[in-house]
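What follows are several structures.
Here come two complexes built around subunit A, the first alongside subunit B, the second alongside subunit C.
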Partner chain A sequence: MKLTFALIRTSAGTSPVATALGVAILVGLFLFPNFVQSPYALHIMILFFLSTIQGEAWNIIGGYTGQYSVGHAAYFGAGAYTTMVLMQYKQIPPWYGMLAGIGIALVVSLIIGSICFRLRGPYFVLASIAVAEIMRLSAMNLKDLTNGAEGILITEIPVFKIGETVVTDFLSKVPFYYIGLVIALLTILVTWMVQNSKLGYYFQAIREDQDAAHSLGISLSIYKNIALAISAVFTSLSGSFYAIYIGFIDPPTVLALDISVQIVLICIIGGIGTIWGPVIGALVLVPLSEALRSNLIAQMIFKTGLTSEESGLGIFLKEHLAHAHALIYGILVVVVILFMPDGVLGWIKKLTAKKGRG
Partner chain B sequence: MTVLLQSLISGILIGGVYALIGIGLTIIFGVMRVINFAHGDILMVGMYMTYVLFTSFGIDPFVSIVITIPLMFLFGAFLQKLFINRMQGALPQNQILLTIGLGLIMSNTMMLIYTSDYKILSTSYSSESFNLGGISISSPLAISFLITAAITILLYWFLLKTDTGQAIRATAQDREAAQLMGINVRWMSILAFGIGSALAGTAGALISPTYYIFPQIGGIFTLKAFVITVLGGMGSIIGATLGGVIIGIAESVSAVYISSGWKDVVVFVLFLLVLLFKPAGLMGKSRM
Partner chain C sequence: MGTILEIQHVSKFFGGLAANSDVSFSLEEGMIMGLIGPNGAGKTTLFNCITGYYPPSRGDVIFKGQKINGLEPDRVCRLGMVRTWQKVRPLAKLSVVDNVMVGALCRTNSLKTARELAMEQLKVVRLDNKPNFLAGGLPIGERKKLEVARALATQPQLLLLDEVMGGLNPAESDEIIQLILDIKKRGGITQMVIEHDMKAIMRISDRIVVINSGEKLAEGTPQEIVNNPEVVRAYLGDFHA
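And now, the complex of A and B:
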């Protein structure tokens, strides 16, 4: 009830144009698979949802509470591995596996929190990395449980039934699209609720000045752990979702340091500590890295006639550019940190504010 | 007994190289208060430089450090002047992210040029070893340890006895006071980052005959460098030297007595324990 009131209040605060636009986008997103059948387009959208979930989840602990965890692969991997191990070896359907993954991620977050939150600043960053690395190395070595470096490949997902009616058989990308969309909307909603609650104010107080917050009676360890737990739940959900969607996981793809860094970058590039920052970040990163991966950039360079497909440079670009999609992450983060410290969202806001004044 | 002695000695030998990596990171941290997350990637650049010098020009990896050291120094100085310097005094998180970004650019650029294939630099002595009282010692590791020791001694002399070295230490102790004493702290920062990069690059050159060379190798060494410097105490050069040797020994002993798959886990657990119970590190008080 309180939530509905709050929703009405904020929607009254924003302009009707913005509200209408928001509703239109939402309806458009739900109808999208009815108009677009291309599996590739759906795939891009699913990746976009996945990045949004990861970014929003990290935002709770990194953006609002100011604790830069660079070990979120730990929760992503916990979700992915729990779901896959249960499905592959115990034939437990993934939707229960997702819940189990959340449970495991919560336990992991409490352990990590109790170790790492005693440390501050750069030491916290290092400790979070160390814990994630321990998890990755364990997954590599516990071969009986995780199949080690070979990873886990699922052959088929059980049909999802309610009673006797088949809801979906997961044969196309459409069910994944809707699952991703719903989880993404859920994370955005939770972020919004956190931001507008007492909890959110506590988080932000801790971010601004830990000692001041502590002296005002905010228990640092309790609220940091709550923030981490919320963050871990959604990161784990994204991990489970990723595992079921891709159908294959191994330690380098779900538990590596690269994954942790990518999760942070989504947030940093969009703008940390804001609801829409991670969405913007995902909107920038996913198409860019996909364009590189599928060699669209190389094709574009050929079209502009800078170099031809047959020339030495052309062949080089065609062969190698696809492998370097992470390069764009590196360049983007350097540019963002140096020139737009508040992320793309903050930069846009600044530009529009200047225009308004001018 | 021989097994233990054997693993202790190989631990100390590889620990020498680790010390070099750790000292580089700790000098950068001491002078600039920036944690360099691109440290391992700088080491990786050094490895590729050595690889190219060996395959294209036939220069022995241990000889080529004469070329690698100045080049890597310039590379580091350039990075500092162009990027890191702009972040002086910014939030530590943002500094960390900037260096992560720079590291990503380095590793992916290398991947663009050389693909992600594993490269092997095999010299005539790569797998050679000699016997010392019943203990076999790998020749390339022994040579690299001697070079490391020489460089470390030279570095200590530079920092303790020369004016520039003392100015670097002064800047690390108190940046503002150093500035008031007429020390050009900007120049010291460039120098420190240059030296740190040169040390990482040298370490890369020294291990290139015994390790696989590939663009993503940096991450492992960045993490190891942190473990070493935190263990020794951030900013302490003696601490980093000690930390390097301890980590080298911990790795080789646990590889023998537990398993080589779990040796890095042992190192990280050790790291967490130090962070929890002695966050200032072994030599935390005396900075540099």
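And now, the complex of A and C:
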């Protein structure tokens, strides 16, 4: 608890208003399911936690250490597949599967790191993509283990018991909400701990200038691998969590390139190399992609009266806007990258700084 | 006074080009060694060979009695030898004090201790008035000082300075000269300095090694070097010799 307070205090400055706000948000998040029963609202929140975990995890290697991995689907998939395969074929409960997933992701990260970290800049990016693609193709073809393109479907999650007491039976979304919330808070806490330790300084030194860092006694291979390992652990956790929550995985949904890109975007949109950047990124991207997918935007345009539902434009919007969600999403991402090079968080900081001066 | 660094017949080839060929000399503890030579003579390449950025193609580098060729730069740094960069390399998005802390963390795991050590070194180079400035926003004179402070923070026994006065105005150069002499006076740190400013190098060096086209041309006290006809010829051409 002391650590939580310290976390809120240092990241928001020492202002008591900010501290109070932080505590209020935290309490609000824990009480949220008591007030909101709508499964859809809970679903959005769970997706938000999932994106936060992914974003914070990537932030360690990409944001702090400056190694832009576009192959994080490898660790996401490693976590998801390990958990699901163990549950499906060995009836091992997912919490043990999560731990096993972390182990596998660690091994994968060390292998990937020892190969890819010999490369720098764009070559590292390409190598990271290649390794994730190898994982996807392997999952596609190792049919005995992964069920190939058919994927793995689970219909029942074993009841979570401590001793004889049933903690939860996973029949509603509420337990998932709390698991997601706790893991998300954990990743933020770990990021905070990294930032305020020797590791954080060394990671950032490597990001700013590898040769200078090397000359100051920093072993590039060791510290890059540590950063990747931390990142892989949490990405794998998010993969396990996703798999249990959705109940179905196949190579395109957990190992594809767009998962990797999505993870990177959370950070770039929010602001890389900061504790709250990925949270902001998730806060922007999750509702945005949901709104676009569910035709919410067309509905909003009709409500403002700009055009009616029956007019030609209205029919066009209703028919096509939902299908164009990827396009609109892409355009928005480009706009953010062009006009907010430090992400939404950086943009907000710049605005408030200007106001402070004016 | 023992020998701290011995360079024995070091050669470095890039393809067919010999950037260094058969260079040998040694440094006594506590001295300031000047390393001079025309542009492209191979001075920075020699620094890179000594500090582990390139393994020498031939020959040995012996630091405190231990053979260090083939060691990575971070190992060399932890053994007590650190270099600065001719083209300064500030960690641009970190503050001045954080830059120096990265150096200090080489010897400690505690951020608090590292911060104290860093502030100490900033005082030495007189940058302690702006610890929270972003390193990327400093003017060149202060970036050069930051390089030195960051290197000193790793607590070296041997400091290699690659053109710390390059691009500075006379007043700033004087400050750096004073800084180098101060470091010598405090003791415990041997220095090797690459420099083009002849007046400066003559003033600070105990001994000077002259390199030309990758080979050692001469070695001696500053007085011996200015009177060496070979050196004058290398710098000014046959007419003056």
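Please note the rule applied: the second predicted complex is superposed on the first by the 324 of 358 C-alpha atoms of A that agree within 3 Å, B and C clash if a C-alpha of one lies under 4 Å from a C-alpha of the other, contacts with A are read in each partner's own complex, and residues count from 1 in each chain.
What we mean here is this: a contact is a pair of C-beta atoms (placed from the backbone, for glycine too) under 8 Å apart; a residue touches a chain by one contact, two chains touch by 3 or more.
Quick caveat, the model's predicted, so the values are computed rather than measured.
With both complexes brought onto subunit A, simultaneous placement of subunit B and subunit C is permitted, the two fitting side by side without a clash. When the two complexes are overlaid, the chain among subunit B and subunit C that reaches more residues of subunit A is B. Looking at the shared chain after the overlay, A:217 reaches subunit C, while subunit B stays out of its contact range.
In the overlay built on the shared chain, the residue A:352 is in contact with neither subunit B nor subunit C. Of the two partner chains, subunit B is the only one that A:118 touches; subunit C does not reach it. In the superposition on chain A, A:198 makes contact with subunit C only, not with subunit B. Legend: residue contacts after superposition of the two complexes on their common chain; A:311 is shown touching neither subunit B nor subunit C. In the overlay built on the shared chain, the residue A:37 is in contact with neither subunit B nor subunit C. Contacts of A:140 after superposition: subunit B is touched, whereas subunit C is not reached.
In the superposition on chain A, contact of A:172 is made with neither subunit B nor subunit C.
Once the two complexes are overlaid on the shared chain, A:129 sits against subunit B while remaining clear of subunit C.
After superposing the two complexes on chain A, the closest approach between C-alpha atoms of subunit B and subunit C comes to 13 Å.
Of all residues in subunit A, only 68, 70, 115, 118-119, 121-123, 125-127, 129-131, 133-134, 137-138, 140-141, 257-258, 261, 264-265, 268, 320-321, 323-324, 326-327, 329-334, 337-338, 341 touch subunit B in the complex they form. Residue ranges on subunit A touching subunit C, taken from their complex, read 196-198, 201-202, 204-205, 207-209, 211-220, 273. Here subunit C touches subunit A in the complex through residues 51, 53, 72-75, 77-78, 82-83, 85, 89-94, 98, 101-103, 105-106, 109, 111, 114, 150-151, 154, going by the rule given at the top. Considering their complex, residues 35, 83, 86-87, 90, 92-94, 96-98, 100-109, 111-113, 115-116, 219, 223, 226-227, 230, 259, 261-262, 264-265, 268-269, 271-272, 275-276, 279 of subunit B touch subunit A.
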